[in-house]
Amino acid sequence: MLHKHQSHNTMTYPTDFYDAAQQLIAAGRFIDSKAWVPATSGNFSLRLADGTIAITVSGKHKGRLQTSDIMLIDAEGRSLDGKKPSAETLLHTSLYQHFPDIHAVLHPHPLNSVLISKCYQQRCILENYELLKAFPGIQTHESQLIVPIFANDQNIARLANLVNSYLASVEVCHGYIIEGHGLYAWGQTLNDALRHLEAFDFLFACELQLKGMKPL
Amino acid sequence: MLHKHQSHNTMTYPTDFYDAAQQLIAAGRFIDSKAWVPATSGNFSLRLADGTIAITVSGKHKGRLQTSDIMLIDAEGRSLDGKKPSAETLLHTSLYQHFPDIHAVLHPHPLNSVLISKCYQQRCILENYELLKAFPGIQTHESQLIVPIFANDQNIARLANLVNSYLASVEVCHGYIIEGHGLYAWGQTLNDALRHLEAFDFLFACELQLKGMKPL
Amino acid sequence: MLHKHQSHNTMTYPTDFYDAAQQLIAAGRFIDSKAWVPATSGNFSLRLADGTIAITVSGKHKGRLQTSDIMLIDAEGRSLDGKKPSAETLLHTSLYQHFPDIHAVLHPHPLNSVLISKCYQQRCILENYELLKAFPGIQTHESQLIVPIFANDQNIARLANLVNSYLASVEVCHGYIIEGHGLYAWGQTLNDALRHLEAFDFLFACELQLKGMKPL
Amino acid sequence: MLHKHQSHNTMTYPTDFYDAAQQLIAAGRFIDSKAWVPATSGNFSLRLADGTIAITVSGKHKGRLQTSDIMLIDAEGRSLDGKKPSAETLLHTSLYQHFPDIHAVLHPHPLNSVLISKCYQQRCILENYELLKAFPGIQTHESQLIVPIFANDQNIARLANLVNSYLASVEVCHGYIIEGHGLYAWGQTLNDALRHLEAFDFLFACELQLKGMKPL
């Protein structure tokens, strides 16, 4: 039983774990400064060089993370240091398996993402914005960025399957929304993933405000 | 008369009073950073180990509290250090009496709470939000959180009676709104109460913006 | 001519001028943090013990004031230190003449005040808000606070006359709006005037958002 | 080939380049604090005494610029230090050629500018705002400020020609919007250009919110 609930005092972490933890703490402060992780919502992860994953533990305020709030899991989402991973860990590991070149997954609960999920059915299509170029492979505002919206589900395995089926069916996906819940975005680096968060929030804000203005 | 208006220089506070005061000062700064206590509105309290209560005095800006702006009252709301408690003290002590396991009560005036109280009659029902899980006992977005709205009343004893009757009539309540006035929220710890404030504000913002979008 | 355009190097200021200047600088930083003085808009003043007035000079950003950006005028608005007072100085001196007990006048350009002036004719009536109690003499939310709205006018003497006539015709006034321009608020102390600014902005935000929601 | 991709270690910059770089870094922090440069959007420049131009390089976050993120170009937009200029450099150099007295050009992507471009055809006319006086040559709120809106175009030479034709056809222009993209503003000094940004954003916010309120 000791192995299963191994003390993290005696745990030997990969050498890049500590740097990853500091990066996640700083990212959490930035994301909280935007009010995108109200209460203790959200979770963030970074894939390390050896394929293990540094991820935030469950139930902490993401704007005030400490090193001990970051844990290590394997590629299947199993705890490697005895700490309790978030219920949504499977959504992170699925993304890392589907996209071999990404190293960061961010899941905040921005108001605009939640509102988009309440106003749109199944997907939100973003087009004719210069800021679309913030996403890899997009060279012109005359592009379409499709953001799928999945129904919320407390059964995370079932939700992960739904997401995986979608990802298998499309050529490109830069992020998705879970209805009434929040946004998943990712990137090759943490900075890329943060850039995508900023771009998504700006574009969703545009869409929402234009919806509100349409009757004029 | 000396006893009734005892100097607080000679007052002996419980040992956990000073820590509670520092916590309330920090909470005030956070709450003010969200613009939830405009002007000198709002009041906050913490129940101490001996059952007495540390509470903000009347008429101070809650974002710039000093230790001398925190006073001590007994469980019935009587001043124990000669300072003048807020007129709304009775609403704090009622909550502590009704919920034996809570230790923090926060009463800010967030714009969203006031707007909710102007748009809804008697209660606002929150459902289908992942963030509902920020409240104790809620395990799924498929839950209903009912927030009662009471008419404002300068007669605080009468208002407290109304609140008490409501609380006696329901199994669960995580917060209430006074119309055109503000929000009351609470928790087992100050951090719990702050988490509830963040969650309420996010959920009220969602509801208000969805109301504004409905005609589209 | 030396007397008229006296160098401020040789100027002897009242002893409370320097403290007033520091207070105005701090108030400017706070007011700018709320985005109430975009560009170089707005002006602020404090009446000193001898009846002279410390006031911001023309054309500076109010969020980054320096001591040299505060000048001294007499009760009629004449420069006492050779610096150039704002064109709107007369609106400050008029208020000090009308209200013998006030010592601070703040004139920011908050978005909400400008929007109120575009949505309402002649006056905005605020009622049924607990926050009305932030203003002196108001003991209950069941009060009416009338905020007059005056047409903008580059002829400040003419505008000051209009304001004076209004003030002479009413028993109570806590602030006024100039249409498409900004808000004038005041108080016995600078803290009182700042409290009124916060309260006005909150109340105007409520009114505007409720207007936006009415069709629902 | 060495000349074409000359190392910037051996580059001799004009003496005022380093001060310009620090000013652009500070301006970027301010502009980002307003959320006007989401992701890595936007670019800023300053014209130096010798007619060369310090400008931000492509692809950096404008709120976290470092000295090495500022490069030197000539008046025609050619790199003088081997660094890669933004694709939109030509829009900066065109403005410097058209307005001999300006020394700063700022191109952020503020949400309000993008929304204005989605709600208005060809131009937005601002009138009856006191804040119009933030722009040079405007003495009264009874003025009209016309902000042209150009269709977005990834062909920057073609877009620059369109802008040049417009500028040649009017007597006054203080800024323009590219549809779904962002704002271009300028000034004799960087402070002037920043003042114009603040004024534009306030005025656009007014217009947008008034549009949203019209049905009432």
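Letters A, B, C and D mark the chains in the order given here, with residues in each chain numbered from 1 onward.
Note that a contact is a pair of C-beta atoms (placed from the backbone, for glycine too) under 8 Å apart; a residue touches a chain by one contact, two chains touch by 3 or more.
Heads up on the chains, UniProt names are A, B, C, D = Methylthioribulose-1-phosphate dehydratase.
Treat the numbers as computed from the prediction; the structure is a model and nothing was measured.
Q: Could you work out how many touching-chain steps separate chain A from chain C at minimum?
A: The distance in steps between these two chains is 2.
Q: Provide the labels of all chains in contact with chain B and in contact with chain C.
A: none
Q: Same residues or different residues where chain A meets chain B? The copies count as same if more than half of the interface numbers are shared.
A: Different-residue interface.
Q: If you average the Cα atoms of chain C and of chain D to get two centres, how far apart are those centres in Å?
A: 33
Q: Suppose each chain is reduced to the average of its Cα coordinates; what separation in Å results between chain B and chain D?
A: Chain B and chain D have C-alpha centres separated by 46 Å.
Q: Among the residues of chain B, which are close enough to touch at least two other chains?
A: Only 212, 215 qualify.
Q: Could you list, by residue number, the parts of chain B that touch chain C in their complex?
A: 38-41, 61, 109, 111, 114-115, 118-119, 152, 154, 178-182, 208, 211-212, 214-215
Q: Enumerate the contact residues on chain C facing chain B in the complex.
A: Touching chain B from chain C are residues 128-131, 134, 139-142, 191, 195-196, 198-199, 201-202, 205-206, 209-210, 212-213, 215-216.
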